[in-house]
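Each in C-alpha cells, the structures are laid out below.
What follows is a pair of complexes built around chain A, which joins chain B in one and chain C in the other.
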Partner chain A sequence: MADDAGRPTGGLIGQPHVRIDGRLKVTGQARYPADEPLANPAYAYLVISAISRGRVAGMDLAATKATPGVIDVLTHENVGQEVKPPMGPDGKPTTTTLESDQIWHDGQIIAVVLAETYEAAREGAYKVVVRYAAEAPSATFDSPGVEVEPLKANETRHDPAKGDAAAAFAAAPVKIDARYDTPIQHHNPLELFSTTCVWEGPKLTIHEGTQNLYWLKGSVAGQLGLDLADVRTISRFVGGGFGSKGAPTSRTAWIAVAARRLKRPVKLVTTRDQGFTIATHRAETRHHLQLGATPDGRLTALVHEGWEVSSRPSSYNVSGTATTARMYACPNIATKVTVVHADRNTPGFMRAPPDTPYMFALECGMDELAYALGKDPIELRRINDTQTDPVSGKPYSSRSLMKCFDAAAGKFGWAKRDPKPGSMRDGDWLVGYGCATACYPCNIGPAAARLSLTPKGKATIQLAGHELGTGAYTLLAIVVADRLGLQVDDVQVMMGDSDLPPVPGAGGSNNAASTSNVAAKACEAIRQRLAMAAVRTNAGIFAGVDPATLTLVNRALVGPDGRSEPLETAASRVSPGAIEAHVENVPQGLPPDAAAALYHGRASLLRGQSREDVTAFAFGAQFVEIRVHRRTCEIRAPRAVAAFASGTIVNPLAAHSQYQGGAIWGIGSALHEQTEIDLRTARYVNHNIADYLVPVNADIGEVDVIFVPEEDHEVNPLGVKGIGEIGIVGMNAAIANAVFHATGRRIRKLPIRIEDLL
Partner chain B sequence: MEMTLNVNGRDHRLSLDSRTTLLDALREHIGLTGSKKGCDQGQCGACTVHLAGRRVLSCLTLAAAVQGRAVTTVEGLAQGENLHPMQAAFIAHDAFQCGYCTPGQLMSAVACVREGHAASDEAIREYMSGNLCRCGAYPKIVAAIREAAPQMAPKMERA
Partner chain C sequence: MRPFRYEHAADREAALQAGRSAAAAAGEAHVRAPVQYLAGGTTLIDLMKLDVMRPEVVVDINGLARQHGEIRSGPDGLQLGALVRMADAAEHPAVRRDYPVIAQSLELAASQQLRNMASLGGNVLQRTRCNYFRDVTWAACNKRAPGSGCAAIGGPDRGMAVLGVSEHCIANYPGDFAGALAALGATVDIEGPGGRRVIPFEELHRLPGDTPHIETNLAPGELITGFSVPAGPWTRRSLYLKIRDRQSYEFAIASAAVALDLDAGVVREARVALGGMVAKPWRSHEAEAALRGHPLTEGSAQAAAAAAFAQAVVHGEDRFKPELGRRTLVRALLQCAAMEI
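Up next is the complex of A and B:
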C-alpha cells in the first residue's frame, strides 16, 4: 500500500494518554443522544407483539386514546404505507414492523403511542388491546417448521476449502470429532436504545446512538423518500455498542413519522426488555469439527461445519469458518455453513461476530487434540503455526501468534501446570489452567476528514466518527498532534455528526485503522503545503530545499540538517488565518466507487481475509485460571492473562481498556451469558439485565494484558490493526479448556455453569 | 403535582406527574442528564444519586418522595473547576470506556468510601457490584477507588 500517510514523527503515537473526553464523561457533561435538550418534546412508547408468528387481527385503542396526555397512536393501519422497510445488517430484506399486520417474531414493534409525558405514553401503551391471529412458531434448531438453508458460494462469500479433507480425516492416525454449541447472546450495552427526531421544514435531525452515522442517515432517507441532504444524524457519544448499534433498525423511521405528524420533536427511550427484540443479537450456533493429525502433531485435516439461526426472511450469517480455516497450517480443509430460519428477530453483529462462536469450536478442538496427542497445547499450536494463509497461500502481513503465547505463558506461570486433568487443587477448589488463540481480521475502509491548522498551532479535525468507548476522540488527537508537531491538547476533535465528512461505521475493528490513516493523510496534505511554501520563498531558511525532507516537530518546520523555523512563520506564509485540508483516503484494493459509496453510507471494507496482496489478522494468546469448588461446583475466574500483537498501538491506555474489556466480555460469554428462549412460544424469557447474567465487579479478578510489539508495514500505512474485538475471541475456549483441566469434564457448549459440572 | 426538589444545592420548583421517578425528573424536567437510565428497573446502577448523602437508585425513587431532602448528582460532585478526587482518579486510571455507567459508578464509589467499604479490593468489588459496567472497566474502577479513597477529605464532600 502506498505510504501516503508518511511515517510517525512526533513520538506521540504509542504514548499512553488519558482520554481527552474524560472530563466530560466524569462530570456528566458528555451528551449521549437521549441527553439532547429539546423544545417541547412529545414522548413515544413502543407496543410490541406478545406472539411470535401470525397477524395483528385488530387493536382496540379506545382506552389508550382516552388516557390523559395521549396524543396519537401509530399502527400499521394509519402509517404503514409511509415508510419503506429497512434492510437487515447484511443489506438485504429483513423482518418488518408497522408496514403490515404481519408478525415475524416475539417483541416486534406493532404500535407507537405518543403522549405529552413519558408516564402518559407508557400508560397508554399498556392499555392497547391487541387481537392476534396467532400461528404456531418455530423457536430454534430442531423446532418443527424451521427452514434449513445450506449456504452457497457467491461473489462475496466462499466456503474456504483445500485438498481432500474427508479422505485425509479418514486416514488420520489421530483424530478429534466433536460437536460444540453456543447460545443466543444479547449485547446489552448499558445505554438503552433511543431515538429522537426533530423536523425543521423539510430537514430531519435524528439523535440516536449509532455506530454508523452515514448508514443510518442513508437508510432513513431511503425509507422516507427524503433527499439525503435533508437528513442529519447526531451521536456524539454512544453508551456502548458492541455491534448492536451498527445497522439501522426499524424504530427510527417511525419516530421520524411521529414527529412529522405531531409537528414537534418526539423522543423514544425504549425499555431494557424491548431492546432484546427491536435490535439484534448473536444467534445461537452449532458446530461439527473434525481435526486429523499425525502422531507428531501436524494437522492433516480440518473440517468445520457450522449452523446458525436467523429470522424467516433474512439469511444473515457470520460464517466464521473464514477465520478458523486460516488459523493453522493444514493441507486439507473443508468448511460449510447452514442457516436455519425460525420465527425470530434477525440477528446481527456482536463483538467479533464470526470469530467468537467459531473459534470456540476450533480452540476447544485444538485442546482436545493436544490431550489426544499427549502434547502441550501451546506446543501443538507452535507445530502448526504458519506465516502463510493456508487457504489462499498468501503471506500474513504479520503474525506474532507464538510470541504472544510465549509472553502470556511466562506471565501466567504456565510452566507450573500439571497437564493431568483434576490434578491441581487448592483446598476445596479444583484449579484449571487453559489457553487459546485469539485473532481478528484487520479491516480498513475509505474515509474522509477535514483538518485545519492555525499559525498559533491549534488544529481541528472533523469527521463523522463514532465514540463508543474505544477512545476515538483521543486517538485522533494523538495522531494529528503527532503528525503536525503539536501537543495533544492543541487538537480539537469533532465527531459524531453526519454533517461532517464520512467514515465507515465503527465495526469490524476498522475504526482506528480507517480514521487514523485518513487523519495522517490530512496532516501530510498540510505539511506539504507548508513545505512547498517554505522552499519556494526566497526569504526563508528552506529556500530551495527538497520539500519532502521537511517535517513538523514541536511547533516548528524542521529541515534535514536540524535547522527550523517556527510554525507561525511557516503557516503565515500559506495563510494568515487557518490552513485547511479536506482529504479522502481509499485504501488500495477497494473498488473505484468506494469513495462515492461512502457518502451514501455504504462503506465497503477491505477485509483482512480477502485482500489481494496479503492476509491480515491481529493475533493473541489468552490464558485463564479457573477454580471449581469441589462440593458446590461454583466456577470462578480469578485471573486471566492475554498477550496481543495488533501492529501500531496509538494509545496504549485506551487500548489496554479495550483488550481488558474484551477479555471480560469473554468471561461473561463463557460463564454467564445466555438468552433463554421458550421453545413453545419462541419468546425470550430472561429479557432484562438481572436475569440475562453479565459479569459484575465481584466476578472479575486480575485481567492482565501484555502488548507484544509488532510493526506491520503491509496492513496499512500506519500499521494499525485494530483491537476492539480480538479481546473476546480466545476466552470462550480458554475457559472451557481450563474447566476441563480442573475437572476432567469436557463441556462443549456455552455458557458453562454449575449445573454442567454437578 | 407541585413539588420542590433540592438538587446539588439548588431548589427546583416543578409540576410533575405523581408517577415521575427522580431519574426522569432530573433528566427530563430539570435538565440534569448526567444521571443515566440503563434499565429503569433497579438492575444496573447507572442512575445512582445521593439522597441525603446515601446512594439510591433514582429510577426506583419517586420524585415526590424526596422533597425536603438533598439530592446530589454527578453534576454536583466537582467543586467548580476542581474535580472530586474520585473523578480525577477515574480519568487517570481510565476507569471507563463508553462512560455511560460512569456517573452511577462515581456516585456509588464516593458512597462506598464514605460507608467504609473501600478497605480492601474484595470489599470494593463487593460493594460496587450493584453498578454494572458493560464495557468491563471493573479492574480500573477498583484501582481508581483505591487511589481516591485516602484523598477524600471531608471538605470535598457535599452533604
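Up next is the complex of A and C:
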C-alpha cells in the first residue's frame, strides 16, 4: 500500500479495528461530563416558561426558598446583567433567557433553582409560581403573526442558479410540479444535556457534553467577559450529539454564574422534556419543486424553493438548495429559500442539516419524474449523472454515484421489482421497493495536534477532538499507528479537553478529514526528524541517504533498499526521551487567519460545494423495502441496502456502524419522528420519548452496507471524505418512494403514517 | 417529585388500615388523593416525577403478593391475583393456551423490563398518556385539576379517544390488558374499608362525563386484590390485535380484543373490546350483537365494526381513528375465525 506521495504506509488505514475505548464504554468506566467527581457540588434545576411569547411579570419564590435544601434561585432580576447572550448556531443573535424578562418561546429558561440535592432543586423548581404577561404566539407556517423573510445572497450563502429555469420549465415536455413537507424533529441523544461548572480563582472549568470544545470555551469566555485562557472545557465522551451539542446554548453561562455565586461546583442535568426547548432541533420545512425533462429523461429545468421556520431573532437556515442544485446535470436551475419567523426556539444542526429535508423533496421528485417518463428510477439518475458540478462547472473531485446504485441494486434485488404500484404482495402485506440518492459535501477544517513518540515505540497524540460514539479515538490511533509503523495498541489518544490543541467541532462530517490529516502531518514531522538525524550521522546505515525515502515500518526506520534500523536506535539520535511535534494543518483554500480563528473557537470549514478547485461530495444510493398491511396500513421497513463511495475509509468497522445508524435513523425520520406542536400556544406537546417515536429493535430488520471503493486525490491528502451524515440523506425519499410503489399513494410529507394510507 | 411518607404494608390488613386513613382524607379526585398504593410503580412513580401526582403517603403493597400473587386456572375459569406481574401472567402456560387474548394483551404491552415490574392490579389503573394531563404546566385539565377545562380539545389529538369522550375530557385509556378483561366478562375482587365486594370489570372504570377526575368506581382506600375470568367456549379462540406506528414498545393507536365461539362458521358467541381510542376499557356489546347468530364473514365483520364505532366523536387529527378502528376489528375477527384451536 502506498500513500499519495508514493510512500508505503503501515497498511492499517482501511483495516477494520475494534474501538480502543469500547471496553471503557461497555463496562461503564468511560467518564461522561456529568460523571465527573466533584467536591461538595450544588445541584441546579431549570424552570422553563409555560408560554411562548410575552414577559415574565413576576415570580413567587417564597415556597421555593422555604423548601429544605434550596440555596438560591437565579432569575433575570438578580443575575440578568451578568451574562451577554450567546450567539445562535449561525453565529448571529438568537433568543435570550435570563438576560431579561422576555419570553421568546415555549420552554425557555426563566429561572435556575440551586439546592443541596437534585431532589430538593427539582422540588423547589416545581414550587415556583410564575406570573406571565402573555401575548398571542405564532406557532409555525401559516400561523397569524409570523414574519416572512426571503433570504438574500451574501458572502456565505448563495442561491444556486443558471440559465432560465422558469422558461425551460414552461417549455418542458414532461413536468413534475409538487410540494413537500418535513416536520419538526428533535435529536434526543441518550445523554441528557448537562453542564457542570467549577471555579478555581479566576479559572473556570466546564464539564459539558459538546461537539465543539473551543466554540463553547470561546462563547462562555465572551459571555462572562473572561480571559480566553481562564476557561477550560472538558468533554471526553459525548453520549450522542447528532448536532444538538454543536453550538453553545444559554444554560452554560448561567451555571457558571451560579457556581461563582455559591463558591462551589454546580451541576445541572436537564430533563428529557427540557431538552426539547433549551437546545436546538430540526425545523419544519416546505418545498416547492419543479422538474422539467425531455421525453428521453434529460432534465431541462430544476426549480427548488424552500421555506424554513426559525425563531423571531434568528435567521438560522440550512438552505439545502446548495445540494439539490448540484445533484444532476441540468442546464436551467433556480433556487430560493425563505425563513419564516415564529415564536419558537432557534433551530440548529441535525444530522445532514440541509440535505436531509431538501433531498427528500428532490429525490421524491425524481421518482415521480421516473414514473411520469415510464423509466426506471435508477436509469433516470444514470441519464442525468454528471462528473461536473452543474452550477459552477467545476469537476467533482470524485463522484461514484452510479457505481453505488449498481452495487446496491444488485444486492437488493431491484431487478425483481415490478414497477407497477401496488403490484407486489406477500399475503396481507403490500410490498414496495424504493431508492434514492444520498450525498454529503466533503468538509475539512484547520486543526492542530501534538504528537509524541518514545524510542520504545509508544505514541501519544493530543488534540481537542470529540468522541460522540463515532469512533473518533480509534480513528486517530489507526492513522498514527499506520504512519509511525506501530500497532494500534501502541497509540494513546487524548481528546476532549480544550487544554489540548484545537480542532473544529465535530459536525458537517469534517471530523475524520480534519483530524486524520493533521495527525498524518504530525507523524510526517516526526518521521522527517528521525530521517534527517539518520542521514546526517556518520555512523548509521542511512548516512547520506535521501531522507524523503526513509519510512517507518514495524518499529523500524526502513530505507529504499530494504535495510532497516530499530526505531529505538533511530529515535535515540533525536532525543533521549520522547520526540515531540506540534503541528497545525490549514487546508489550502481557507483564509489566512483560519489557524488563529481556530484557537478562538471559530473554525472555518473548507466546504465541498464552495471550493475554488473542485466540488467535493460523497455519494451513495439507498434502497428500502416497505411493507404496508392491506387493511390496517401499518408501515414497516424490514430491509434496507445502501452503498456509499466516500473516499478513504479509515476504519471500516466503525464506518459500517455509522452507515447502518444513518439508515436506521432514516427509517425513524420517514416513519416515526415528529415533534407535535399545539398551534394555539406554539408549545411542543410530545416532548418525551414515549410519544416522540424513534425506531425500536423490532422495527429494524436487515440493514446491509456496501463500501464502494473510491480513491480521491483531490479532496484532501488522505482522501478522507467523511461519512457522518450521508447515511441518513437518501432514506426519507427512498421510503416515501417505496410506499408509493407498495400502495400507489404518493405521500409528500413526513412522517408517513397509517392515516395517510387508509 | 415532592417529599412523601413511605409505608410498607406486610399484608392485606395492614394495607387496608393505611387505606382507611386515605378514606378519611380523600376528596373526590383520584389523581391528587393524598394516599396512594404502590405496587410496580410504573405509573405512580412516573407521574410523581412529573409532579402530576403528589401523594403525602405511599403505601407499598408488594407484601400482598403472598396473599394475592397467584395465578389459578380451573374448570370455572381463571383467577389472577392483583400482585401478579404482567410478565408472569403473559408467560403462564394455562393463560397462553386457554386465554390467548390475555397473554397477547400483556405481551404486546410496554417492554419486558416494565412487564417484570408492573402488577396486574396496577396495570388496569394505568393513567392516560394525554400530554395535557401529564404536563402540569397546562393549566386546563379536568382530570388533574377539576373544573379547569380541557386543553386537549383543539390540540393535536391523534392519540386521543373517540369513543366515550365528553366535552370535558377526550383522554385515551392506554391499557391493553383491560381490553382482554372487558371482552371476557371478567370480574374484579375489591377489598376496602367497607369490606369485600366483587364487580364486573366493565364497571370498574367510569366514563369521563363531567367528572373526568373520578376515574373509577373504587372508593377511597379500596384495593383491587384480583380478577376472575369466567371459562367459556370462546376463550381459546381469542386474540389481541394491536395497531401502532412502530412494532414494539408503544401504546396502541387502535386495538381489538376478540373471542369467538363458532359453530360451523356461525357465531354462537362473540366477545369484542376496543382500545387505542377509548375513554375507558371498551367492550362493544353492539359489535357482539351484530355478530351473534351470523356466519363470520367479511360482511358480518364489517357490520360489527360499523356498529362498534357508530357513536364515535372526532375533533381534528383523530378523524381517521374510527376507520382505523373498524379495520382493526375486521382484521381481528377474521384472524380469530381462522385460528386453529
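Heads up, the rule we're going with is that the second predicted complex is superposed on the first by the 750 of 758 C-alpha atoms of A that agree within 3 Å, B and C clash if a C-alpha of one lies under 4 Å from a C-alpha of the other, contacts with A are read in each partner's own complex, and residues count from 1 in each chain.
Keep in mind that, in the parts below, contacts are C-beta pairs under 8 Å (C-beta built on N, C-alpha and C of every residue); 3 or more make two chains touch, one makes a residue touch a chain.
Everything quoted here is computed from the prediction, not taken from an experiment.
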| item | value |
| --- | --- |
| Fit or clash between chain C and chain B when superposed on chain A | fit |
| Which superposed partner A:Glu119 touches (first chain B, second chain C, both, neither) | both |
| Which superposed partner A:Pro695 touches (first chain B, second chain C, both, neither) | both |
| Contacts of A:Glu634 with chain B and chain C, given as first, second, both or neither | second |
| First, second, both or neither for A:Asp406, with chain B first and chain C second | neither |
| Which partner reaches more residues of chain A (counting touched residues only), chain B or chain C | B |
| First (chain B), second (chain C), both or neither touched by A:Val238 | first |
| Partner chain in contact with A:Leu671 - chain B first, chain C second, else both or neither | second |
| Chain B versus chain C as contact partner of A:Asn686, first or second or both or neither | second |
| Which of chain B and chain C A:Ala30 touches, first, second, both or neither | first |
| Which superposed partner A:Glu149 touches (first chain B, second chain C, both, neither) | neither |
| Per-pair minimum CA distance [chain C against chain B, superposed on A] in Å | 5 |
| Doubly contacted residues of chain A, that is, touched by chain B and again by chain C | 119, 688, 690, 695-698 |
| Residues of chain A that touch chain B when the two form their complex | 18-19, 21-32, 34-35, 37, 117-120, 187-192, 237-242, 269, 271-272, 467-471, 653-654, 656-658, 660-665, 688-690, 694-698, 700, 702-703 |
| Residues of chain C defined as touching chain A within the complex | 1-3, 51, 129, 131-132, 134-135, 137-138, 151, 154-156, 158-159, 243-251, 253-254, 317, 320, 323-324, 327-328, 330-331 |
| Chain A residues within the chain C interface of the complex | 50, 119, 122-123, 126, 273, 629, 631-634, 636, 671-672, 676-680, 685-688, 690-691, 693, 695-699, 753-755, 758 |
| In the complex, chain B residues that touch chain A | 17, 19-20, 24, 27-28, 31-41, 43-44, 46, 73-75, 77-78, 83, 87, 90-92, 94, 96-103, 106, 124-126, 128-142 |
